[in-house]
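Below are two complexes that have subunit A in common, paired first with subunit B and then with subunit C.
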Partner chain A sequence: MSAAATTENKPAAPAIEKIKVKVDGREIEVPRLIADWSGKLTPTTMIQACELAKTEVPHYCWHPKLPVVGNCRMCLVEFGTPALGPDRKPVLNPDGTPKIAKSPRPAISCATPVSPGMEIYTKTPAVKQMREGVLESLLINHPLDCPICDQAGECKLQEYSVDYGQSASRFVEAKVHKPKAVDLGPRIMLDAERCILCTRCIRFTRDIAGDDALGIINRGSYNTIATFPGAPFDNNYTLNTVDVCPVGALTSKDFRFQMRAWFLKETKSVCTSCATGCNILIGSREEKIYRYTPRDNDAVNASWMCDAGRLNYKWIGRADRLQDVWVRGQKSSWPAAIRELADKLKQAPAGSVAIIASARQTNEELWLLAKLKARLGALSDAIPREGESDKLLVSADRNPNTNGARLTGICFTEMGINLVKIADGIASGKIKTLIVFGENIVKRAVAHDKLRERETISEVVDEHGITAELLGKLDALIVSDILPNETTRLAHFVLPGAAPAEKRGTFTSGKGRVQKFMKAVEAPGVARAEWEFLQELVHHVTGQNNGLTVESLFNQMAREVAAFNGLTWQALGDTGVTVQI
Partner chain B sequence: MAQEYKLILKHADEPGYTPDMECYLRHGGYQALKKALALPVKDLPDGKKLSGPEQIREDVKVSGLRGRGGAGFSCGLKWSFVDRKSGKPIYLICNADESEPGTFKDRQIIHKDPHQLIEGMIISCFANDVKLAYIYIRGEMPEGARILNQALKEARAKNFLGKNILGTGYDLEMHVHRGAGAYICGEETGLIESLEGKRPYPRIKPPYFPAILGLWMCPTIVNNVETLCNVKHIVTLSGAEFAKLGTPNNTGTRIVSLSGQVKRPGYYEIEVGKATLGELINDPKFGGGLREGRRLKAIIPGGSSSKVLKAGEKFKLKKKDAEGKEILVETDVLDLPYDFDSLAQAGTMSGSSAIIVMDDSVDIVGALANLSEFYAHESCGQCTPCREGSLWMNRTLQRLTHGEGRRQDADYLGKIADNIPGGRTICAFGEACSWPVQSFLAKFKDEFVAKGAADEARRAQSISGAAAGTSVAPVAPH
Partner chain C sequence: MAITVNRKPLTFWEKLYLPAIAGGLKVTLKHAYSTLIQRKVVTMEYPEQKWTLPTGYRGAPYLVKDQEGSTKCVSCQLCEFVCPPKAIRITPPGNDGRKADRPNAEKMPAEFEINMLRCIFCGFCQEVCPEEAIFLQQDYSLTALSRGELIYNKEKLLSLGGVSPGIQKWKHKLEEAKAQESFPVKV
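Let's turn to the complex of A and B:
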């Protein structure tokens, strides 16, 4: 037996036993144990079995990533188990099938484990009646203010009312009034009257974010979600409570009253604020981004993202975006600029060009730059960007694609060590041409790890010697960026690029997850995705045609870059593939 | 003829009996504990050996003792569910959160004979290998908490508590924990949450059965005050002797809290099932009958959560005839033996053994509105049907009692109540708040309809009167 085969035959984790249950008369095999919210294997519950059977069980308080509390009672179902005779043996029907003893009481499917032979009934008149009863209870004191509620359109109260509710109300009493527009913290607003007290927000911040900041005050129907007096709800994950809130009780101050949810186009993307690469949905309408929300990916971010990353989108719509191609202070056009640049680079002596890329660029763009580097014999590097990490999602590496820069050969394992050599090369006159992508190398500012939304993506963290004075010695400073800055003002060639939300591509996360993202909005003016004009430039300079689409570029890259071997754009799927880094 | 039978309250009301240690010891106190601690290992015919604690557990099973808190569940069975193999400590909690309206029995024990409770608890702890026990006492009973703390101090001084109790090597510590004033803390899992310092939200079962995942997620026994006192008497008498008290499957004694419109309200200890509801209400030894000129209207037989009984109601009770054959005997409500099983057969329960008597002067709608207000105030609000339903029912009833009723309110109220019980809620509070409404409506519906109809008629008259220019006080719109 070969060594490889032996490795493959290593004893795997013991297989989880399967048990047979019936959901509404359909038999289905489910694992006896299933991972709970914390990843621990626990007995499979009815709601999980129903999910596997593709049977919807409506629920409010249950969330696959949060501890089970069973308080909303929306998931009540009826069930039966095989009847046992006095001898503890199953009683059989005349036809030989096991006789089912139907439980006289319903059970909450979120907390009741399944057992072999169990039958779950989700569509009986009693279940229908219980759902109607729960919905009625939830709605009697609800303000029914859907027309002015931000949750409208993505509200579980609305959805389940249509699916399982009653058309008319018989409630004639005065409604309970509770606080409205409560400022829970810097990013969260509470409308206690809309709240259905499912406690998802409490459990999220206590059990996931580790900040036991929310609780319930008062009693009975007057129960209200609240913070401790004088302690605002302020951690880096508060906005996830808006996502888990099934109704319009918790709203994001940023998104409040900005756009109706049903007008938003949702685009699958990846957060670029750090190396974690949280999967997100970009909500946009008419080329304007309104919000980021986390997208489920158990290999990366589960269902969460940090507040800083979530709010880091406003710079994309800034009015001062670079929208034109500039050549030596004159507006130019892409064909003219690319032609001139290609001629210039083709004639450049080996070693006279250096490249400073950005680890915020995509794998494809970095790979194209690496091709230029190889052709020109150029020194290259990228700019590291460090902050503080936390226990949940935020990585100390604030570049989304450090591993992409490493794997494509733009930088060494330790990013930034070539910057000194590049500075020396410019100072000695050896380097005449500098290509800079997406980094304001002149600026040495730090501080972008605050919770506040950041105004720019071009902030350099590490100090280095490439000053404005030094840049003045260059024959040609070629800069591509998104926002204007000191470096773009010094540049001979300015190539306006696109924000990640304005293009397609892939990033390689800190843990080696290669993830693709889609285009949500158009770039302003003539700004273009960097990979588009880079592949033209590479074509002109090296004669290689690597393809005209991001798919073909990725697939070609996967063939050439060892770490990406075997990957295809299509195989990445929505949630990416992990590679060896 | 029905008699009082004083087992738990044997000494409590004797003149000169005080709640201190010396008095308790003079009356034979802590002898049962000494007997329990000294039980030798028993050899069984099959060669197995039964330790002292195992013998006590077995004896509690034999005694047929049923929980005195409300559910009437077998104490021996409850103890047998305790997970003794988890390796975790086992806790015992005395539920002294007596707050069921109408109930005032546990406080008699706590105030007058606290050492009896403590002795019963120490024996129960010893029987269940418990090293740490709590008395969770209702917040509104500060005097009881003070007395218990004093008694615990005395017990520690005598080495009935603490390390190496009476030289046996058994260690036990016990603490009094005061609630903060919530009825729901009497629900055992709500109590446990409260004891852990949290909001007393009852836990979902499964998975949080106290016998497996109780206090601090460890196996836990929660017993009522009176139940734990009985354990002492089971050890003194033996389980078999104890079982001779009361009636089969309803053994021992119960302290009945009798309130409402009787001449002699108070607490009476009886052998379970040896007195009827009628005797308890009318016998001069007990309630002594209703006030002059009044007729019985309704009885709430087991604390405010139990379903109401109507005067003159008849029930078919299962009884055994002379040959041991089971027969159904028609029984008037007043002839119902006051025990667990007869009241269950009458569709209600003996609950916390608190009888509330209502005569014909009572406005039944008002009485229910009063009960309903209590439940709306006490619902913890954790799960939807009870949180919203308890207040909805109360608002409807308040409307009915404030002259704003409607003819259809009886049906309306019934439908609200029907959406709460039957396993739809996390704990039994759902049943507790809806059973009174359901049973009052089932038995006195005409009074609800009449009230609504009268309100409608008055409003109609007010409108037509206003149209005719006469002045009739308008009814405020709801």
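Let's turn to the complex of A and C:
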């Protein structure tokens, strides 16, 4: 990889001293300090050392991205430290190895720092017994709800019950019953009986989301998670508590009783709701998307994503999706439409074509459009999409690939400034053909004279003078979109495209991270990934063959676009690479 | 890799064939004698006559109701998961779907379909069911005029399945929870 492409923009962290510990008799080196949930360096704990040694220690309340509380006691382990003599020197065994003084009591591995020479024992009979005891006590009041519980299949209590549980309960008394199906907020349902009081949700919403909305009320067995009376749990990050909940106490209303977790095919993808580009897993079954869940990427979104992005998938399965190729109101086929378009574009005089792309398209698609632009001498731009940012993940730029549009040369630093020029070109009759990808350009259209009255550019970039009447002047309006809108209704050529979940490609996030996403479901009808037919169109118009697969397109783009130099599809990995923007 | 199976060569007696034909004829004549002369019937006039099925016979799987007439199935979809020929298809109710028709269990299937053409009567669904809601029953002769008719929906499966009394765990849980709403003070 070249020097331009680095995985991290931050300067290299200072070297951290390594210490040697033994996990179950196997010696490993661990750093003395590890970044905690807030990024601060804190002493490495035994559970982290075990994780580095690939030894699993069961746990409920500990989460690598949350503050440590140590209340579930599931991660108890035994340990020993080198014994010191009266002279404060290590006592040696006859064979010269340091004598280990085993601690008489176990310790919770999530909150006990490691020290040099420490030995951690996770497989002793005592540890096994402790785990069994903790689990049995957690199961005392836990209801046998598994058949109707949404967490079943991805439940830590189920998993550890298989490992350390008993087949029958010794508890003969009546279980304590707590409220079920409690409406905690607009997106969250609480089943208080299932809660094991690990407080992960409380810590998440207090320390990560910054909304101290949850707490524990009542005493003893009646402990219950609750919000303040009358204050709904409704910040933009509530659904992350469903992810961190190790049991089925907090469930997503959106996913509740929709599909069992084990049926879902999980596809690595990227959220497209804003420029942050949170890494996600798309859970789908039989070409239907059921949920988005965040995927760990410390360089982008840690383990979280916002609720708005998470729930922004329902439009993909809408029944009114564009499913057919239309040429001047007649149903057509891909080969015929592409051939006709290619002939038309080849004969178009320079400057008579304009391209309005979308910053929701992938890098490869924008790059292919930029090739058309270069061949046709076309004006091009994309439509900006602004919103409000927050301090955690939501970015003000609501386009997932603004940087991709800039780096491939589709738009300039200020997106949208060419729209007025394009409108002028259509009005004067210079521009005869307009290619529109994935945007309803008529939506924010403002009458031309009114647009002129505005003073600064940034006010008008959102609005533009491309009205429906103006589009009527065009010889050819070529539109590719996913859902029908006014622009597709006016179009002479309608090319049905695919949603990001239905194709592969890459986005460049607001911070310049190039991330790839995979295909989860099939596009409906004859709808195709835009890069597929753009690649054909570019081949017909320019004669260039850039490759037939998304991998070869990306690799070719990386060779040609300066910002992506040195990247390869393979080297992007699952978590992407940051480029200079 | 091809595996060579060693076959014993035929003896001279076997190569003659005629003894084998005579042996076959002997069996035929024996049966002819017992049915035509002795009038011993070895077949059954199906479908007018039907045989008695042994207990544990694995016929078509149907959904059952509890003693109060409520659907037992809670749409956990384990049978759908375990079904080897993928004959079962369950539509979960969703959050805003119809609530279960028995108290306390929050979930019941919006739709439950078994494709009887696919079903291989293995009984895994009955074995895996945590609610004892599906049983392989005695029906073996499933006929229809179209493939579609042999996809039995929830209504049909419930009406064919009948009642199977059980422990009604959800009901008891609710009773237990109700009892805890007030603390009985014993003097």
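Throughout what follows, the second predicted complex is superposed on the first by the 550 of 581 C-alpha atoms of A that agree within 3 Å, B and C clash if a C-alpha of one lies under 4 Å from a C-alpha of the other, contacts with A are read in each partner's own complex, and residues count from 1 in each chain.
Criterion: a contact is a pair of C-beta atoms (placed from the backbone, for glycine too) under 8 Å apart; a residue touches a chain by one contact, two chains touch by 3 or more.
This structure is a prediction, so every number in the text was calculated from the model and none was measured.
Judged by the touch definition given at the top, the superposed model places A:253 against subunit C, while subunit B stays out of reach.
Looking at the shared chain after the overlay, A:176 reaches both subunit B and subunit C.
Once the two complexes are laid over each other on the shared chain, residue contacts for A:223 go to subunit B alone; subunit C is not touched.
Using the contact criterion defined above for the overlaid structures, shared-chain residue A:382 touches neither subunit B nor subunit C, since it reaches no partner. Between subunit B and subunit C, B touches the greater number of residues of subunit A.
Within the superposed three-chain model, A:134 lies in touch with subunit B and out of touch with subunit C [touch as defined at top]. Once the two complexes are overlaid on the shared chain, A:105 sits against subunit B while remaining clear of subunit C. By the touch criterion defined above, A:263 reaches subunit C but does not reach subunit B.
Shared-chain residue A:76: touches subunit B; no touch with subunit C.
Look at A:372: by the touch rule set out above, it reaches neither subunit B nor subunit C. When the two complexes are superposed on chain A, the residues of subunit A that touch both subunit B and subunit C are 174, 176.
Across the complex, subunit C meets subunit A through its residues 74-78, 80-81, 92-95, 97, 105-107, 130-131, 169, 173, 176-177, 179-180. The part of subunit A that touches subunit B in the complex is made up of residues 68-74, 76, 105-108, 111-113, 130, 133-134, 136-138, 140-141, 170-174, 176, 196-197, 215-216, 218-223. Residue ranges on subunit A touching subunit C, taken from their complex, read 143-144, 146-148, 152, 174-177, 180-181, 189, 253-254, 256-260, 262-263.
On subunit B, the positions that touch subunit A within their shared complex are 182, 199, 201, 204, 206-207, 376-385, 387-392, 395-396, 399, 406, 412, 415, 419, 422-426, 478.
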